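In what comes next, subunit A is part of two complexes: it sits with subunit B in the first one and with subunit C in the second one.
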Partner chain A sequence: MGFYVLRRVIYALPIALSVTVVCFLLVHIAPGDPLNAVAPADAPVEVINALKVAYGFDQPLPVQYFRWLGRALAGDLGTSVATGRPVLAEVMTAVVNTILLAVFAAVLGFSLGAVLGGMAGYRHKGIVDRIATALSVIGVSVPHYWLGMVLTIIFSSKLNWLPAMGAGPGGSKEWLWDAEHLRYLVLPVTTLAVIPLGIVTRTIRALVADILSKDFVQALRAKGMSDRAVFLHVVKNVAPTALAVMGLQLGYLLGGSILVETVFAWPGSGFLLNTAIFQRDLPLLQGTILILCMIFVLLNLLVDIIQPAIDPRMRRS
Partner chain B sequence: MSDILAQTTTVPALDLKPRSNNYWIGVLRRISRDRLTVICATVLLALILIALLAPWLIPADPYKTSMIRRLLPVGSPGHFLGTDELGRDMIARLAYGGRMSLLIGVMPVLIAFVIGSAVGIFAGFAGGRINMAIMRLLDVFYAFPSVLLAVAISGALGQGTTNSVLALTLIFIPQLTRIAESATTQVRTLEYVDAARMSGASSLTIIRVHILGNVLGPIFVYATGLVSVSMILASGLSFLGLGVKPPEPEWGLMLNTLRSAIYLNPLVAALPGAMIFITSMCFNLMADGIRSAMEVNE
Partner chain C sequence: MNDSPISPPLVSVTDLTVTFGGRRPVHAVNGVSFTVGTGEVLGLLGESGCGKSVTLRSLIRLHPPKRTTYGGRIQIDGQDILAMSEDQLSRYRGSVTSMVFQEPLLAFDPVYTVGKQIAEAIRRHTGIDASAARTEAIRLLDRVQIPQAAERFQAYPHEMSGGMRQRAMIALALSCRPKLLLADEPTTALDATVQIQILLLLRELQREMGLSIIFVTHDIGVAVEISDRVAVMYAGRIIEQGPIAEIISAPAHPYTQGLLSSTVTQGMRGTRLEAIPGAPPDLAALPPGCAFAARCRYAGADCVESVPDTGADAGREVACFHPLPPPLHEGAADAHAR
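After this line comes the complex of A and B, so read on.
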């Protein structure tokens, strides 16, 4: 097991390194001189040249990359052009808010999807199966940014039950565990939960139906095993694959929440990314994407490690 | 919705029996019997026709603004679906908007289909180290949540239709390449390919005659499933302000500019999103229909 974990970690390293290369290059595919953000357009040539040296832009790209990587590893992601604050601090505050949103959405979407998918798999072609199938099609087809708007219209504008924007009363950005702040979570979390709901329902339904059709289930039933005991067998067989899908989905929620955060003005990483793009704040853009992708890589690694821990079959291979 | 892209990218074992023309006739026959698929195809066809024929079907001008006719509700005389925040007729905007939305939704999948198939078939056919190198390189893309990558690329490139199509194409290529590669690898080891090679057929002939016919099917099925995702993402990028530029009518962009109107005129504000939803759902259901029609073993 220890050896397996080590191998997984070693395998993840080149991936993580390539992610840093892509994040680095991202700024260099951006049109326009990166100096435009700091120097006025009519700055004299000497000033531009001096700035180039100061920022290291006179060096060849690989040199620039390794310098940037070295600083990034030491926790220095540069300074935001727009606010002048360190990028790392900006990103961290925002990422915590995004994780909050993503985790709540994941819990809601996964549990609902598991129950619905499980029931549908058990009662193939039944009424629950039809509802689950319809819901999973809607779940993957609905533009979630639009769903967010529709929910706002219904629950915020018409019924006036829930707040439509922000993370707390009075535009507060700091999260607190009280009823007032929880109210602000309801709409964005519900909207975001729809994304994994469809896929989790579909996956679990297929898995359960597949396992129930296996010969060993017939054998267990034939020897008189109770439904509850059979159910435990099903859970044990579904869990590893379901877990892998859910791990990926959680990662996608972290990256995919950008549209939902924009709709609800949620002060998370997606919102920050949006600001960075429109203010052409390239260091902030780069830093946000780097941190989010590293979390994603880490999450994938975690799934790879946990999967064989709960599925002995995978340990042997 | 990359999120949606999380559908597994493994290819099921192919049905590798030689396929006669009867196979495709069978596929068409099964599709025509599938009521839901036919309905979806009809709706999509209607949307495409309305978008294409908009100048002849719709009398109103989608660009003509009017200060005194702003945000008219649904059912107003002369403007059946109301007007937007600049007083432009919603029917015209929605019909003309379909042109751009459908185009930017379908284009990335189409381009990625061509490039992904070519690269994947090449990798699968070359095998060995070349295959390894190409596939490991593509693994890097899987380390990014795809919505994030699309936003990042089009954000770095700047606002514009071409840039957003480019960003989406880039996130679809690795997935389609993976499908093409794994299908090609399966076919390549079959005996009749060996037989063809021994009887002196060139690599190009083998690819054209024996590989394409077996491989394009699964890639096509996967690609049709991607169109719905692509529609949502393309309009999503416009919704963020990264894609189509105003005053061009496009459903995602319209949804964005109408956001401020959700308190005044919620029904009109929600219309463009409903169009994206309907289109994307029809593409999704049609893809399901095509898949099940193609995977039946005869």
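After this line comes the complex of A and C, so read on.
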């Protein structure tokens, strides 16, 4: 097991490294000069050149890359051009806010999806199954920014029950655990939970129906096991794949949804990404993408490690 | 104690019918009657799709409850199976009657160890604690000649060979000392040498435990090896049954004869039953008469009009209007049977 974990970690390293390369190149591939955002368009050539030296842009690319990587590893992702604050601090605040949203949305979507999908799988082709299937198709195909807007119009504008914008009263970015702040979570969490809900429902429905059609379920009944005992066997069989799918969905959620966070002005990483793009704040953009990608690599690694721990069939390979 | 002549047979199936619902109902079993005595092995023989598995599974009501309609009567160990509640049924399954499946790799849950699945059955029916169940499961694995039983207890199904899995399946089926074992082609998925070992093991355990077995097979060689009596099925009916030696030496039903000649000419063991021209009838649209009439050389006008009854004759039954005459040296066949 320890060896397996080590091997997975080693496999993840080149992926992480390529991510850093892509993130680095982003600045140079992006249209326009990275200095445009800092220097006025009509700045004299001497000023531009001085800035180039200051930012290290006069060095060859590989040199720039390794310098940048070294700083990044030390926790220095530069300063935001727009706010002048360190990128790392900006990104961390945003990531925490996004994690908050993601975890709530995941808990809601996964638990509801597991129950719905499980019921549908057991009642294959029955009425519950049809309803669950319809819901999951809607969940996956409805554009969620649109859903977000509809929810805002209904529950915020018309009924005035819930706040529509921000993560706390007065547009504060720092999260607090109180009822007032929790109210700000309701609409974005609901909106964000719809897609994982749909996907988890669909996945678990298919898995459960498949397991129930297996011979060993007949064999369990043939040896006198109760429905409850059979259910436990089904859960244990479904768990590895279901957890893998959930892990992936959690990954997407943690990446932050640009659209949903923008609709609700939620100060998370998606919103930050949006801001960075529109303000052409390249250091911020670079840092945000880098950290989000690293979170994704880490999550994939976790799924890879956890899955064989619960599925004996995968242990050998 | 079961030796007294008045004791009823362990299994008594009377006029069993099984129909699967749907737009075109499938009449998989159409009036099957047989008995199995204590310690007796009945072989159930017939072509693919003739309803052997459906008959067998009916004895523990394993078919999907919503889509299945049963008729007739199944009496096992004094209990009326078709009248049982779900609760009674789950207590009866695995304790009085248990089952061995054709493909042991598919019949074990892949994410549980084999040992755990045996212990689980033991605990279900005896209520003993986990460590006692574990000890008993290891004893059973050892009893079915699995080497290093204590280690194998921890093995997952995919970590065992086919033959070993089937042994474990037998250990599981016998774990709660059932009176009746249902075996649905338990050796078909195995290669020939392993097949023989499993048959010998089953025979040995059967004698030791005084077990009754209903053994489904395609393979006449296997049926000869294991059975005391055989019942030959066709299109959901038993068309002939009797002691194995008599059926082999003097088949009375033309279908049985066809089955036998198709295998005997190719050697007794290991060959599939085929070579009778034509195909079995559609179970959703059975003819009014004998289901075999369309393929039968001896069929007359009466055969297509009504279904022949089984005439019972000293433990020998044939459902045919024109049974084949016994061979001239009938005495020899009789002697063979004893």
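One rule holds for everything that comes next: the second predicted complex is superposed on the first by the 316 of 317 C-alpha atoms of A that agree within 3 Å, B and C clash if a C-alpha of one lies under 4 Å from a C-alpha of the other, contacts with A are read in each partner's own complex, and residues count from 1 in each chain.
The working rule: a residue touches a chain if its C-beta (ideal position, glycine included) is under 8 Å from a C-beta of that chain, and two chains touch if they have at least 3 such contacts.
All of these numbers come straight from a predicted model, not from anything done at the bench.
Superposition of the two structures on subunit A leaves subunit B and subunit C fitting side by side, clash-free. Of the two partner chains placed by superposition, A:V260 touches none, neither subunit B nor subunit C. When subunit B and subunit C are set side by side, the one touching more residues of subunit A is B. Residue contacts after overlaying the shared chain place A:Q218 against subunit C, while subunit B stays out of touching range.
Residue contacts after overlaying the shared chain place A:Q249 against subunit B, while subunit C stays out of touching range.
Vertex at the C-alpha centre of subunit A, arms toward the centres of subunit B and subunit C: the angle is 80 degrees, rounded to a multiple of 10.
No C-alpha atom of subunit B lies closer than 18 Å to one of subunit C in the superposed arrangement. Considering their complex, residues 214-216, 218-226, 229, 233, 236-237, 240, 311-313 of subunit A touch subunit C.
Taken together, the subunit B residues at the contact with subunit A in this complex read 1-7, 139-140, 143-149, 151-153, 155-158, 228-229, 232, 235-236, 239-242, 252, 255, 259, 262-263, 266, 269-270, 272-274, 276-277, 280-281, 283-285, 288.
The residues of subunit C lying in touch with subunit A in their complex are 60, 62, 90-95, 98-99, 101, 103, 106-113, 120-121, 124-125, 156, 158, 172-173. Within the complex formed with subunit B, the subunit A residues making contact are 15-16, 18-19, 22, 26-27, 29-31, 137-138, 140-147, 149-150, 152-153, 157-158, 195-196, 198-199, 245, 248-249, 251-256, 258-259, 262-263, 273-274, 276-278, 282, 285, 289, 292-293, 296-297, 300.
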